[in-house]
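Right after this note come the structures.
In the two complexes below, subunit A is the common chain; its partner is subunit B in one and subunit C in the other.
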Partner chain A sequence: MSEPMIRLENVGKSYDGGKTFAVRNINLEIEKGDFVALLGPSGCGKSTTLMMLCGLYRPTEGSIYFNGRYVNNVMPKDRKIGMVFQSYALYPNMSIFENIAFPLRQMHMKKAEIIEKVQHVAEIVKITEYLKRMPAQLSGGQQQRVAMCRALVKDPDILLLDEPMSNLDARLKLEIRDEIKKLQERIGVTSIIVTHDQEEAMAISSHIAVIDQGVLQQYAPPDELYRHPKNLFVASFIGNPPMNFIDGTLSCSGGVYECVTEGGVLKIPGEKVDSSLLTGNHVVLGIRPHNFDLVGGPEDALTLHTDYIEHLGKENLYRCYMGDAKLRVITPISVDHPVSEALYVCPDYDFVSVFDKETGNIITK
Partner chain B sequence: MKHSSKGIDKSVMSDRRALLRKQAFPYAMMAPFLILTFIFVVIPIGMMIYYSFTDMDFMMKPKFVGLANYKRIFAYPAIGKILQQTLIYVGVNVVFSVLGSIFIVIITTYYLDIVYQRKNLGLLFRIIWLIPDLTPTIVFMFIWRFVFGPSEYGLINKFLIFLHLEPIDFFTRNSMALLLLSTCLRSASGSIILFSSAVSQAPEHVIQAAKVDGASPLKICFKIVLPYLKWPITQKTLWTILGSFCAYESIKLLTEGGPMGSTTTYAYYIYENAFKYQNYGYGSALSVFLVAMSITLGLIMLRVFQVDKQMRKPRMDI
Partner chain C sequence: MKKVALMHADDRPYGAWKYVLLLLLISSVVLIPYGWLVLQSFTNPEGFFTLENWTFMTQETMIRHGVSLPVATKPMLNSLKFATLMALCVVPVTVCAAYPLSRTDFIGRKLLARLLIIMDAFPQVALLTSFIILLSKMHLTNKLIGVIFLKVAMYLPGSIWLMKGFFDHINWDIEWAAIVDGASRFKTFLRVIVPAAKPGIAVILVNSFLSGWGEYILISIFMRGNATTMSNFISSMLDAEDGKYLVPAGILAAACIAYIVPVIIIFIFAQKTLLEVRQGGSKQ
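Here is the complex of A and B:
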């Protein structure tokens, strides 16, 4: 088996000499050409992980390998990386050209070669007309492109992006997101992006590493993360509108699992559940809002009461409650169910995730 | 005009009064400041210019003498030497106090705080370096006199005598160097806070980016951090030039212009004539000339540093 581009082995970082860890036991393998998103809420340790990859922070424990080479003690400049910072971090006193040429100048490259390389990369990112300006004269989106240029100009093996789009407005965000994705596919550079926006991570990356409280929760391609979240945290973090969680009690009878909830009894096909993972009989059902079918009666279905309806244009979002639990149900726009009447819904069992209430881990296959 | 035939009726009167009140209000608000400025700035300047044309002395009976005082300035044989000494005093002061400030701040704020992350150490050294500026001039200069004083009074000479070495008379042989050393030190320490805050304005991310791009700490210092000092350096240079041009108190306290007038600068010469010999008329003429020189120098500096270009226009970011 060939060595992956980047390998992290039990990597941990502590800022206070080992008392508390910002991240711990991170194990990741990233193949060449992958576009990996480090996703998590703020303060989860994703930026710390990136800083360790770029070499500005040194891991407290564990080891990092680039192409099989141990790089824990390698200086950032010798790692063949390009980095884009959240604030773009352009050098305010240099022109755009000088900004992009800066890393090349540090490599003592010949003048003609520098001009050629800067021109080339500026053409790819389409900023040739701004090369003579100063950073303060550019808008946020343009500065972002310059930062990309500066990261790419030295032909890095790895491109690191630290929340590169969080300072842009919503429209520009989508535009730049597309551009980064296309650019990455074109150049084929292994890229790692840090983000707290799950939608951005889903759209842009080939693999997502979900991190929470310094622990890697799941590392999988976006669709797998969406359809088969490993635990309750991943399930609640991925997807918009978020997944519905329903408490229930599980019992097995004749190859079918019966789940008793506040709103009714659901029959879960036996082959879906891995009973060896079950610690008790209390479970949490995770069902995404658009994985419900409307049915006529309360048999094998959940009985919900509608609070109000959000008309989203392409679909309707029913905000319902079932006892204390609040649920979201998305229906086609053709469905026009009165608020006053009870709503009977049956989940699509292919897309139901069952979590053990004790451990929070998934028990469906 | 419409009402003129009927005479001014009451409503128009009150309208006018309201308008007057509205127009007068800003001036009323400025009045205290304007009055104080007038009493303490404008009148003294006027008096100075007036006295410069008189022979006002300790008798306090000014008599108009025309341009005699001004002719006297240029007729004074040592004026060339005094101006030359002033130039040296100002020049050395500016260069070494600015370089000194930069050096101290690069070491304490950039290297200790940012590069080596020893923030407490950096702060400690910055505070130590602030002491010369925080000490009152009179105390500071007294300490210098005490340390460098002649044989039986000076700390260094006492020490030399104790070691059976020949005492050195610092004040007769190197008084200008000593004066410059003391004033440069004080002046360098004076702008540490300003310079230090400018250095710490360099965003962490920008420095990290330069590190990733392969720049060494020294290179980052020159290419990234020092440009943030552009404005403080301009300000400090202007300030030191104009300040040391008019400074006389350090000279008065340390060397009293001597020996043999070797530390007499133009400002100290004014002080001597105006207050020691009480030639107020001549002193005023000298002062008018000093103001003229300061203004010329200040305008040249504003052009040289392109201060107007450093003021960046506000920009909206979308």
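Here is the complex of A and C:
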């Protein structure tokens, strides 16, 4: 197999001589043309990872390879990267043209060539009309585009985006998100985006690396993350509204796993569970709000009590409780179940994830 | 860039004028002396309008029998020279010293920062003895350049500390962006950081100029003569002979006005830059 575009080998970054870790033991392989999202809650180490990729931080452990080349000690300017910062980081004293031309000027490129390149990239991102203005005269979305231009103007091998959309309002965010995705597909540049917004990551990227507390939790395409989260953290972080978690006790009888929960007994098909991963019989069931069917009675179902109903327009969201556990159940708008009556729901077993309570890891296939 | 929301006059509560009046009354403690100064400089002892108080600008002024002050243009120019040189020395040193304190980690950084604050708090007068020894060893006594040297040295700790604060407020992103774009650290500093810190640098420039313009103690101690700078010139006018002041109050007031006017002119020119608080061209 050929060398991947980016390879991280046991990469770690510690401070105070190894006392506190921002990131530890990250292994990642990113192929040419991939759009990878580094996703995690704030302070999880995703930005640190990006800073190590762009060369502003040096890893304290492990190695980073770009196209097979060891780059741990390579200066940012020699890494063939373009970067978009959260605050866009436009130089306030320079015109938009000069901002975009800045990286080229540092390469001592000829004037005519600079003008041509800036024009070209400005056309792609559609900001030609602003070239003469100053950054302070542009709106947030326009500044964001200029930052993209500046990152792309030197034809980088890798485009790094550090929370590029967190300063935009919700509507503009969607628009810019589409644009970035289309642009990336069009020019095919390998891109890495840092974000804490799981929806953004799901929408924009071809692969997502979920990071928590400095440790890579799972690296997979978005649909796999959604369907088969490796552990409880990934399961809880991906998806909106979030997954429901139900504590239960698992026992096997005749090829079927019976899971006893507070709200009833569920029968999980035996071929789904990898029993070798079980450490005890305490498990956590993970069921997404969409994956429930309403049934008539309490047999092989969960008995829930409705707290209140959110009418979301395209569907109804039942906020329920089952003992102490709070659950969300999404139903079609045609369902009009009275709040006072018990709600019997049966999960769609194809989409049920079972996690070992002890290790937090998934035990379903 | 966030627009600062101001309370519009229309939204003010009724009866606010009472407080405005009260505030004006309190402010009058400051305002009245200035008003008096202006009035005094344009009136003769009989209370009529006159310009003859301003003759010190064109001819010598007698302060004692046989002793006169030179034409005021000389001390004016000296003050200007003193203040300009001072500002020109302070600004580059301050900017170059404050940047590493704000941005880089090196051994002794914290100690240095603490020393700056302590040194800024030292009273000038307490250091006079060492100043005298220092200047005489350097053969700089009774020379304006020697006093500028002292003044700059005294002024730097505070200005470096202030400038460090301005640098601290510049977004790291913009510096990182320049480095990723291929600029060297020095070029990043010169092309990106210094322009972004322009309002801060303007504050240092104007403040150090005004500090030089207003300097009195060091000049009166280290410079011989009555009229080296304007501060000196004015204090010489207060020379009394047999308990009587020879220089009329009108002339004194006019000299004070002449000393103040350049400050006002500087503020008119600098206010735009001084009021400008711009940060990285980003919405934050």
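Odds and ends about this structure:
Assume the second predicted complex is superposed on the first by the 365 of 365 C-alpha atoms of A that agree within 3 Å, B and C clash if a C-alpha of one lies under 4 Å from a C-alpha of the other, contacts with A are read in each partner's own complex, and residues count from 1 in each chain.
Here, a contact is a pair of C-beta atoms (placed from the backbone, for glycine too) under 8 Å apart; a residue touches a chain by one contact, two chains touch by 3 or more.
Since the structure is predicted, the reported quantities are computational estimates derived from the model, not experimental observations.
Annotation: superposed three-chain arrangement on subunit A; subunit B versus subunit C shows a clash. By the touch criterion defined above, A:87 reaches both subunit B and subunit C. Contact with neither subunit B nor subunit C is seen for A:174 once the two complexes are overlaid on the shared chain.
Contact with subunit C, but none with subunit B, is seen for A:135 once the two complexes are overlaid on the shared chain.
Of the two partner chains placed around the shared chain by superposition, subunit B and subunit C are both touched by A:150. Judged by the touch definition given at the top, the superposed model places A:76 against both subunit B and subunit C. Common to the subunit B-facing and subunit C-facing surfaces of subunit A are residues 54-56, 76-77, 81-83, 85-87, 89-93, 102-103, 106-107, 136, 140, 150. Contact residues on subunit A toward subunit C in their complex (touch as defined above): 54-56, 76-77, 81-83, 85-93, 102-103, 106-107, 134-136, 140, 143, 150, 167.
Across the interface of their complex, subunit B is touched by residues 54-56, 76-77, 81-83, 85-87, 89-94, 102-103, 106-107, 136-137, 139-140, 150, 154, 169 of subunit A.
Of all residues in subunit B, only 203, 205-206, 208-215, 219, 223-224, 227-228, 230, 312, 315, 317-318 touch subunit A in the complex they form. Contact residues on subunit C toward subunit A in their complex (touch as defined above): 1, 171, 173-174, 176-183, 187, 191-192, 195-196, 198, 278-284.
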